[in-house]
Amino acid sequence: MRIGVLTGGGDCPGLNAVLRAVVRTSVIEYGSEVIGFRNGWRGLLDDEATPLDIGKVDKLLTRGGTTLGTMRAAPQALHDGLGRTRQVLDDHGIDVLIPIGGEGTLTAAAWLSDEGVPVVGVPKTIDNDIDCTDLTFGFDTAVSIATDMIDRLHTTAESHQRVLLVEVMGRHAGWIAMHAGMAAGAHLILMPEQPFDVEEICQLISARFDRGDTHVIAVISEGATPKPGTMELRDGGIDEFGHRRFTGVAQQLGWELEARSGKEVRTTVLGHVQRGGTPTSFDRVLATRFGMHAAHAAHRGDFGNMVALHGTEIALVPLKEAVARLKTVPPDRIAELSAFTG
Amino acid sequence: MRIGVLTGGGDCPGLNAVLRAVVRTSVIEYGSEVIGFRNGWRGLLDDEATPLDIGKVDKLLTRGGTTLGTMRAAPQALHDGLGRTRQVLDDHGIDVLIPIGGEGTLTAAAWLSDEGVPVVGVPKTIDNDIDCTDLTFGFDTAVSIATDMIDRLHTTAESHQRVLLVEVMGRHAGWIAMHAGMAAGAHLILMPEQPFDVEEICQLISARFDRGDTHVIAVISEGATPKPGTMELRDGGIDEFGHRRFTGVAQQLGWELEARSGKEVRTTVLGHVQRGGTPTSFDRVLATRFGMHAAHAAHRGDFGNMVALHGTEIALVPLKEAVARLKTVPPDRIAELSAFTG
Amino acid sequence: MRIGVLTGGGDCPGLNAVLRAVVRTSVIEYGSEVIGFRNGWRGLLDDEATPLDIGKVDKLLTRGGTTLGTMRAAPQALHDGLGRTRQVLDDHGIDVLIPIGGEGTLTAAAWLSDEGVPVVGVPKTIDNDIDCTDLTFGFDTAVSIATDMIDRLHTTAESHQRVLLVEVMGRHAGWIAMHAGMAAGAHLILMPEQPFDVEEICQLISARFDRGDTHVIAVISEGATPKPGTMELRDGGIDEFGHRRFTGVAQQLGWELEARSGKEVRTTVLGHVQRGGTPTSFDRVLATRFGMHAAHAAHRGDFGNMVALHGTEIALVPLKEAVARLKTVPPDRIAELSAFTG
Amino acid sequence: MRIGVLTGGGDCPGLNAVLRAVVRTSVIEYGSEVIGFRNGWRGLLDDEATPLDIGKVDKLLTRGGTTLGTMRAAPQALHDGLGRTRQVLDDHGIDVLIPIGGEGTLTAAAWLSDEGVPVVGVPKTIDNDIDCTDLTFGFDTAVSIATDMIDRLHTTAESHQRVLLVEVMGRHAGWIAMHAGMAAGAHLILMPEQPFDVEEICQLISARFDRGDTHVIAVISEGATPKPGTMELRDGGIDEFGHRRFTGVAQQLGWELEARSGKEVRTTVLGHVQRGGTPTSFDRVLATRFGMHAAHAAHRGDFGNMVALHGTEIALVPLKEAVARLKTVPPDRIAELSAFTG
C-alpha cells in the first residue's frame, strides 16, 4: 500500500513525531511505502513529493516543527484543484492520504473525503480547540512553556510590586490561558469565552494590593475581548511607520489598567516561542499514538475519520463531526477558577 | 465546616498543589476551616495537627514534596487505633477527612469509610497504577524527568556505541517505562506486565548493530522480571559489607547482556529524582482540580469516594472499587509498541 | 559588627543568593548581625529596615528576584539626603553598608564612600556591562533563557521558511546578543557596539535563501542602532491610543526587512522573562561568592571597593574605577563572529 | 591547508560545537579543508577518515556527544604506531592535527608534538581538572544537571526527613561536587582533595536534626575518600553474581551513616546523565571559541599548544605545561565553603 502524508497550517511541536509514527507503522507493520508532500496542500497541488523511509524519520521524535514544511491552507485553491489533487495522488499511486493539520486542513480533508478521496485526518492545534478529542498534541508543550515563563515573571513582579499581563495563544478558545494560568498560580485569567470587565479587574488589583499582596499576574488569551461598553479594543489603523498597526489585547488592556489603577503595569507577549522546540514527553506520546492509529485506520480502510483521544484510548471520529464546531472552554470549567484567581 | 487533610505514602510532585486547592476551595467557596495532620496516618494517631490557611499554602503550587510531611502507611496501627482516630477527629471537630495517598492510604480510607468515618480520597501514585482514574498527578512529572534523562543518554550511547539500560520507577506496572520509552525513542521497553526473554534481547541488540545502528537504549521498569528459565534474578543476600544487598533488575540484566552479547553495556538507575521537584504544568492542573473537587465532594457529603480523571472531567468513584485491583498496562497498549522498538 | 544591605535597580537572578551569602558569612564566620533595607536607596532614606538572619535567607538560593524588594535609583534624592542616610545608618548601628546594584547604585555607593560612609559594593547587571569584572551574576541566566527561546524559534522558522528577529536585553552593550547568538547558532547578531547596515542584512538574507538555506535567525540587542543613512529609527510619538508609542528596534527593522526583502519576517521581543526566575547554577555560585567576599571585605575594613570576578578568583576593585566607564564588547570579540554568522 | 581533527576519551557536551567551530573557521576564514578521524586515536591508526564540511556540521551546535565517535585513549598503541600515524596524516595531506580530548589525549598530543607532528590541542574534561585553563566546556553542563537533580531531591528529603547522598563525577578533583553543592545549597560537600571523617559527618547530621532542620543533603565526588582510620572503603571483590563488584563511595558511606546515625539514608548516583545531552549556553560559547581559536592557531603555525580560557580571553599554553599536573580544588576555595555547609 502507498500512504501519502502532509502537514498543513501553523507548525506545532509533535508534527515530526506524527510523521515518524506514520512511517514506522506503515513500513514495519504493513510493509507499505510512504510519500510526503512538502508545504501542505500547496505542495500537494505542486507535486512536491518526497519519499519517507525509516532512516529519514529516525531523529525526528524530539524535533519541533515539521520536516515536510508547511504552508497556511488555501482552501479555494484546493477546491479549484480537485482534479489536480486526484491526478497527483494517482501519479504517485497513493491509496490513502493522511493530512495532519488544524481546522482548515481537516475541513479540506472532510470535503475531499466527500468527493471520494480516501482520507484519514490527524488533528493538530496548539490552541486545543478542535472538537471531539480530549486533547491535541502541541497544547501541553505550549502550556509548559507559558507556565515556565509565568513562573519566571512572578519573582520580577514581586520584586517591583507590579501588575504583569502575559498574553498567550488562543484566538478562539482560552485553553492555554486557563491551563497555564492555573498551573502558574495567576491571579486573573481572561479568555475569549468570557468577555472581561475592566472595572472589575481594577477592583481585583486594588483589593490585592490593599490586603498586602505584592503583585498581580494576569494571563490573557490573544482572543480575549472586553465586555461591550467597558473598554474599546481598537484596530491600530495605519501607524506612523506606514505599517498596518497591530496592538494586541494585552497591551491595550495594560495601558488602560495603568491609567485607571495608577499601578505600574507591564505586558509580555509570549508569541512564537510557545509553538517551537522539542515537544514535552506528553506530546511526543500523544503524537506518536495519533500517527500510529492513523496509519492503522488507513490500512483498515476506515476513511473519512480523524484520530482522537478519548480518555486514554485513541478513537476514530468522523471528520465532518469534528469540524462542525470549535471546542471552547465550557462554563463549568470557567466556574472552577473562582477559588484560584483574585 | 471543618476539613481534615493528610498525605500518606511516598512523596509525589503535586501533593502541595492538592493541599493548596483543598484549602482555597474550602475557605473561599465555603468559608470552612482546614486542619492538616503531619506525617500521614501516624501523625493523625499522634495528633500532630496544624491549621492550614490561605497564607500557609500561598507558595505551594510549584513546590515538590508535601509541606505536611509523610510517612509510609502502617495499616495495622490504624486498624488497632480506630477509636483513637475517631477521638482525634472529634477533638478537632473534623467533619470530613481528605486523605491523599496511594493504594495503602486509600485502602485504609475505604476501611475507615466502612466504619462510618466521613472520607473523600485523593489518589496519588507516581507509578500511575491506581485503578478507575485515567491518570494521577506526579506521573507526568516522572515521565518528563525520565524522558529528559534518556534524551541525554542517547548521545553518550551513540558516541561510544554502547547498550544503555535505564531503570525507571514502576514496581507493579510499566506505565512510566512505556511512556518514557515511547517519548524518548527507546529501542526496547521492559515492563512487569510482560516477562522478558534475555535471548530475544540479545538478538535485538545484534540485529541493531548488524544493520549499522550505533547504539541501543532500553528502558526497564524496576518491577520487570525475566521469563522463567531465561535468566535468574537473584536476591543479593548479605554482601561483603555485611549489608543486605539489593541489586536491581536493570543492573543484573546489564551484566547478563554484556556477558552474552560481548557489547559494552551500561546501566543507569534514575531513582529518587523521578519523584522530586517542581511538578509539570500538567500535574499542577490535575492536582489542583483533584483537590478542588475533593473539597466540593466533602462539602456536598459525597463520602466514601475518590476523585478521578475521566477524559477531561473530574469524577467520583467509590473507594472500594478503586482499590480492588491495580491498573496495569493492558495488552493492546503493549501491542502498540511493536513498530517503535527494535 | 553590624552590616547593612540593600538591593537597587532592576531585579536580577542571583540577588537573593547574594543576600543569603552576606547573611551566612557575617553571622557564621563573624558572629555579626545583618540589617536589610527594603526597596533600595528609597527604603534606606525611609528607614524601611528589617533584620535578616539565617532562617530568613534559608530558602533564597534558588529564588529569583530580591526578597528585599528594589526600586530604581533616585540619585538626586540620595545626594540631598546624605545627612538622612548617615542618621538612619547610625540609628541602626550599621558599621558597613553593602549595596548590591548596577551602575546607578554603584555610582551612589562610590559617592557615599567619598563622603566617608563605609561601603562595599556588589555589582549587578543582567547586561554584563559593568567594568572591571569578567562577569556579573544574572547574565548567564539571561543568556540561557534567550538561548532556549532561540533554540525553539529555529524549528518554527525552518518550517515556515521565515526570517525571525529576536530582541534581547542590552541597552548599551551587546553581551547578551553575542553570547545567546553564538550559543543558539544565529545567522546575524546586531549589537550597540557596531551600527548595522540594512542593505547588507538584506543581502545576507538573500544569499542564505539563494543557496538553499531554509531560514534566517537574527539576534538583536535592544540598544542596537542602524548606520546613519541606511534606515531611520523613529520615535513612536503619540499613538492612536493616546499613549506614548514605543516600538523597539527589532520590530522596526522587521518591517523594513519585510518591505525590502519580500520575505516573511517575524519579530519576537523576549522582554522580562530574561530577568526572572531561578538562577542558573553558574549564577548561583557567582552570586554566593560575591556575597561571601563582600562580607569578608566589610569585616576586614576594605571599604570603597566592589567585588569582582577575575578569572576564577574574586578580587576587590575600587568602586570609582568600576563606574568610570561601561564595559562594551571589544572589537576583537566582534571580529570572532565572522565565521559564525551569515 | 588541510586540518585533521579527532575526539578522544569520554564524551562531553560541547564536543560537536568544537568540531563545528573548527570546520567553519577553517573553511570560511581560510578556505581550508578539514578531515575528521572517527573513534579517537584508534580511528586515526585505522585510517577511519571522513571529510567534514559546513553542511555536515550544520546542526551540531546543540547536540551532545561527538559526531566523530570516540574511544578511550590507548597510548601504547599510539607510541608503537608513530610511523603509522605520520603515514596516515601524510596520506591525507594533513598539515596540522587538532586532537580534542582529556589528559590522555593531550599527553599523547604533547608527545606527538615533540616528535615533530604539528598539533594544536583542545582540552576536554567534564571534571574541569585540566590545568592552565580557568574552565573547560562540559563542566558547566554537568554542574547544571547535577544542580537540577539536587534541587529535585531537596523536596523528597524534606518530606521524608532523610539524609540524601548524591554522588557526582570527579575522580581526582572536586570541582563538580563543589559547584553543584554550592549551587544547590548542599549541607555537606565531600571532595577528593580533603579526606572526610565519618564521625564528623555523623555529628553534623545530628546537629542539623537536633536544631529542627528537616533534612541533610550531601554531595560527594566519586573520588572522595575517608580519612585513614575513620572508615574503610572496600573493594567489592567478586560478588554473588560472579561479577567484579563495584560499590561507589557514596553508597558505602550511606550504609555507614545509616548504621551510625540511626537516620534513614538514601544514595543517588547521578552517573552518565551528567555527560550527555545538549550543552548549556555557556558551554556552547566556550566550545565554539575553543574550536575557533584552535583553528586560528593551526593556521598561524602555533603548534605544540593547547587553547585555554584565561578570564574572558582565549589563550594558548604549551601542551607540556598543561599536562604536567591535574588542577585540583585549592585550599582557599575549600575554605570558602565553611559558611555554606553544616
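The first chain written gets the first letter, and so on, giving A, B, C and D; residue counts start at 1 in each chain.
Heads up, the rule we're going with is that a contact is a pair of C-beta atoms (placed from the backbone, for glycine too) under 8 Å apart; a residue touches a chain by one contact, two chains touch by 3 or more.
In this text, all values refer to a predicted model and were calculated from it rather than measured experimentally.
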Taking mean CA positions as centres, which chain lies farthest from subunit D?
-> A
Report the inter-chain centroid distance for subunit A and subunit D in whole angstrom, where each centroid is the mean of the CA atoms.
-> 41
Subunit B to subunit D, mean C-alpha position gap in Å, rounds to 34
Subunit A, residues touching no fewer than two other chains | 151
Chain-to-chain touches, reported pairwise for every pair that qualifies = A-B, A-C, B-D, C-D
Which residues of subunit B touch subunit D in the complex?
-> 10-11, 13, 15, 63-66, 69-71, 145, 148-149, 151-156, 158-161, 164, 214, 234, 236-237, 239-241, 243, 245, 247, 252, 255, 266, 268-269, 271-273, 275-277
Subunit C to subunit D touching residues, read off their complex | 21, 24-25, 28-29, 61-62, 134-135, 140, 143-144, 146-147, 151, 179-180, 182-185, 280-282, 284-285, 288-289, 292, 310-312, 336, 338-340
